[in-house]
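Each of the two complexes below includes chain A, the first together with chain B, the second together with chain C.
Take a look at the complex of A and B:
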């Protein structure tokens, strides 16, 4: 267990178990200190493998560090730190504990050098994230958490089947780059993609995340999908299918976010949209594209957490979450508004924000590979992102009509969390080399060329114009948009009930034998048992099995 | 000196102790006595386990009559492994039994329960130990008759119905086994298992042998509650006194799985069962159907005991599935699940017993908000449930891993789909209760729990032993996995002609 002290993931998991025993200032100090320790330990760790453990005849490698995994651990620890800062006074201990275990699981997945330990922590993440959702303790969060866990455990078993088959076929449990060419690797890919929010099971994300508490969503947005991006980066770089899945997710996210009325659901859909950009990068598969995907994951975690923190602050102060109920909050929540706008600019990749320096790498990679259509679609999507997340979210929440609500800015620690991330968003945008030197491959890319900046500004300005021209269309009412989850929320129960009905009939036929034994008489000690037709049925069943066996033999 | 007689002592000890319980009469005394016997029996099985590991197969001639004329007790690794499971479950479950059954069995019949319990243990241990096919039938009958008695002994009137149903089914099963043994005797002229196995090549491809095999499989199918012959099981588990359900779930069905393995490999032989008769496919289809059917019906239950009973039908399918793969890895996977399912199911049943102890009900809908009043107990149930689902770092995961791996080795993708799908169903039926217990507002039954009631410490102790075992064997599975692998390897070396 000596290595567990230096293993950032296990460190977080263990400290997560301790959080419930701490209160007040002690808890605050503890939750702020631990992520810093994790960050320090990962930067003091040499590249390579360490910490091997024996399990089920296999030698597990709990730590395999390289530039890519260090990048993800870094952003994960920063997010845990800021997320804890954001809610250290307000959140329930249960939620913080679950969030720490969840984050620890994500870090352990990133560090895992073999498929089995990866899978173990993968499942731990699924369980802990469900606890984060449930900590909101509302009826909706219970139901959504229930659907969430079922889908994730389903993804877990698919992944497990793939891993078992892969281990069987290759004899090695090491987690290396794979080709999706056998059923085993396809299953692994499916398991990974499910966590990335890929179609057809995309709906879990927007279904579950907004039901968590105001702070829980901040944690949720960071880990599950980004760990999936990480494992895809490592396991399936250059798989062409990912480009199309990515494109689908990009437009799916935009369309549903434009239709949505709940502010945190808008942001949840935009997670799907942003993960789509990363998958595109992974699918293109050049060094530039992979760098871009990794960098975009890094910046996206930060600005999405920032956006969700500002949405969380609004929710915390007003208790309202629908765009139609909000508006005009800029007058009394200036800090939240400014931070929200910085996040919105970053997600729209406005020059001088972090999104600009990372997303442009993915689009540049498509240019380098002469993928014209993909480039065009990505550019169109960039405009779409500005529409739904860049303008729609801040406009309807902070400006627009005056809803009459006059809440104050949230408590100091929540403001500090937002300001910290807002500063990072701008810093990374102004000094992109801070980000570039952490990337897995060498970067020969300069984002701030005149042509690039002008193109991007034009794009953003025109889509901004489009938004205000079409403003009446953009206004949402209390509608419900139908998604794929209709199948498992409505259709499956109906089918299941029908099936149950038939099975009951089936059981009845066989049970007849015993109810016909005049049970009541037997229990009244009259003992006039009548062997009736039903009893014969049971016998027939036995004979049936025998004759069936004969036929098969 | 005594060491050489341990095999017979293993069976004789509970057999002699059973009537003594009737003489003791007084309930606490007979409980103490029976528990002591169980622990002694457990120690014997540990010693035997070591002996078998050190010196290989032990053959004990009963009464000095050498086989094949006399009855032979034959201990190989599989026998020793099963003895360990059965005795371990029996000893620890009985330790906590007193506090629970006082509620469910009227006090003047308590000593009879302990008598029946010890007799059942005798029967079960005898089935495992014996190397004689007819003797096996006798022990099966001892085990079955005493379990009918145990089921019907409760205060709940419905248990009479359940016991009667089990009696009818069980008797049909036993007669089928007897017919099968008779047919084997007719063609080979011997009852000793080793002897039968050696003489079978002479009578290969005869109709009699096929008939014997089919009668045997159907008979054992009823006893082990293999789908679709499981109909007695849900009632027997849900209406009998809770301790009885626990013990039956942990031991009886496992023993019949053992008998199935024993007969397939070391009586009928791999060649007959799997190569000539293609029994593998019959068992595989039944196993898959059982897995899906059991899991599906478990979802629909409101009574916790009934839910666990249906889940047992499904889990039994897993064991059968491993066996039906007809490979070394498959057999090992089946055996690993025999061990793991014993500790999983007993842990779950014990938590249900404690729930019943406090609330007098096992209806899920009435137990809303239970986690608020009994957090530790619900945590135990949760761990057991996660293990049943097969979440990593629990015992259930190890079984599932090896089962899926074995299916892949044969290239049976369909089986993997079944396993995957049924574990999703398992999530649903376990989570159904977890959700109610953790998220619903406490119901009147739960609010009415009397805080001053005496805490059943021994029962809690038994529960924690099994819960910890679930986690322990999830982390360090060397005991059961290595043992199961060694058994499977031995079986394929000794009984399967390559």
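Take a look at the complex of A and C:
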């Protein structure tokens, strides 16, 4: 093993294992220091490959650094730092530990130069992120975490099948740009897309993330979907299909967020919406578009974490998460309100915020390619972002009717986390070159032209007007919205319950007829049957998957 | 208890007036500032304002209609 360099991902994974042994100030210092070390190490690393490990007949490359991977490692380290700052005094050790391993997994995926190590860290992310969800330790988080991991393991199996077939066909394990033209690459693409929150299995995101603790969601929002964006940027740039998938996700996110009552679920839907913009950029595939997608991933991680920190502060101080229970918090939580509004302006790409300098690159790319319809849809979507995240979130949480709640602003470290990210959102908006110089391609784009500022303000402010004109139509109700998860949360349980019902009936008849054969010992009660049927089903699944992968080879 | 500035009748009125002035200014600015429309449709006066407003109206109405189909009580899955 030749590994002379400090691997930021492994550093975070190892420190995640140590966090549980630390307490109080030591833990605080540790969780703040480690992400800074990771950031320093990646900026002191030369571009190129390093850290190769022999595994079976393959040589794995754990570090392959270029401008794109450095961009993602940078934003991941900053997010771990700020997320830790936000919750270093409040979060449980196991949550922080899981979050560190999760972030380390994400960084290792970004640095991986080959498909095998990519897959290993991909799965580590799935496991660690489930632990982040479970550390909320509520019944809802347990159930949502279980649904979450099943979906992600399914994605992992699809990805594994794709990788095996791809390696078998090409003989190379290197992770380079691919074309979706064989079953192998299609499976890889599907595995990547599942983590990006693409249809049809979009529902896992809004189902699971809002069930994590007030701080867990901040970490969750940053890594899984954005790692998927990274691997798509690297593996499938210019794949036209991604434009249409992206557009679907953009409008799906807006519409479902408009229907939603849970403040953090609104923000979860808006993650899908924002990832949609990035996929559009990847699909368009020009240098401007790819730069735009990468830049948008960077700024999005920061303002979405900021929004979720402000929602997390509200949850932490009030214990409430539904818009119908909240409102009027501006009166007692000024810092949280201001930070939440800055995040909301940034996600809406208001001039002078980070979203303005990143999202407009994707829109500009569609103009450069003369894609009128895609441009129109992206513009409508920008208006819609302001509608569902830019105004709806702050309006229903901090303003609207007075709920009578008068919580204080959260503890100092939580405020500092929010203020730090709010400042970054504005800094990147005012000095876009701070972001542009890190991008993979040279940037030949000026966001601040008078025409661009005026048209963007028109678009956004008039959608704001539409919000207040249409407010009666958006009265909050105590409801949830059905989604694809209905199939595995409602339909399958109903069918299987019926099935068990028949089995129990059958068992009774069976017992009467063969009571002397002592077979009933094995079919003693309903639980036993459920267990064995469940095991049988999973065995069938495993056999099916294995035979599928054999068939592919 | 002292009423917060945001919840006073007078300040809500002021906010509306301020908002309308700003909205008008962004449209009037189009006369002074030369835009560089790339697509023909962009050349329409105050295109972005109209497009932003009406696309939001369409999205809100669509969400409302879809709501009739997909909305359930929020304890739907707990039962």
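The rule is short, and it goes like this: the second predicted complex is superposed on the first by the 488 of 553 C-alpha atoms of A that agree within 3 Å, B and C clash if a C-alpha of one lies under 4 Å from a C-alpha of the other, contacts with A are read in each partner's own complex, and residues count from 1 in each chain.
Here is the rule we use: contacts are C-beta pairs under 8 Å (C-beta built on N, C-alpha and C of every residue); 3 or more make two chains touch, one makes a residue touch a chain.
This structure is a prediction, so every number in the text was calculated from the model and none was measured.
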item	value
First, second, both or neither for A:56, with chain B first and chain C second	first
First, second, both or neither for A:67, with chain B first and chain C second	neither
First, second, both or neither for A:157, with chain B first and chain C second	first
Partner chain in contact with A:18 - chain B first, chain C second, else both or neither	neither
Which superposed partner A:423 touches (first chain B, second chain C, both, neither)	neither
Touching partner for A:174 - first (chain B), second (chain C), both, neither	neither
Touching partner for A:254 - first (chain B), second (chain C), both, neither	second
Partner chain(s) touched by A:40 [first = chain B, second = chain C, both, neither]	neither
Overlapping contact positions on chain A, where the chain C interface meets the chain B interface	none
In the complex, chain A residues that touch chain C	251, 254-255, 258-259, 261, 322, 328, 330-331, 367, 370, 372, 375-376, 379-380, 383-384, 387, 399, 402, 450-451, 454-467, 469-470, 473-474, 477-483, 489-490
For the chain A and chain B complex, residues of the former touching the latter	55-57, 119-120, 123-124, 127, 134, 137, 142, 146, 149-150, 153-154, 157-158, 160-161, 164-165, 167-168, 183, 499-500, 503, 507, 510-511, 514, 517, 519, 522-523, 538, 541-542, 545-546, 548-550, 552-553
Chain B to chain A touching residues, read off their complex	157, 160-161, 164-165, 168, 172, 210, 214-215, 217-218, 221-222, 228-229, 231, 277-279, 281-282, 293, 296-297, 300, 389-393, 398, 400-401, 404-405, 408-409, 413, 416, 420, 423-424, 427-428, 431, 435, 438-439, 475, 477, 481
Contacting residues of chain C [partner chain A, same complex]	4, 6-7, 19, 22-23, 26-27, 29-30, 33-36, 38-39, 41, 46, 48-64, 66-67, 69-74, 76-77
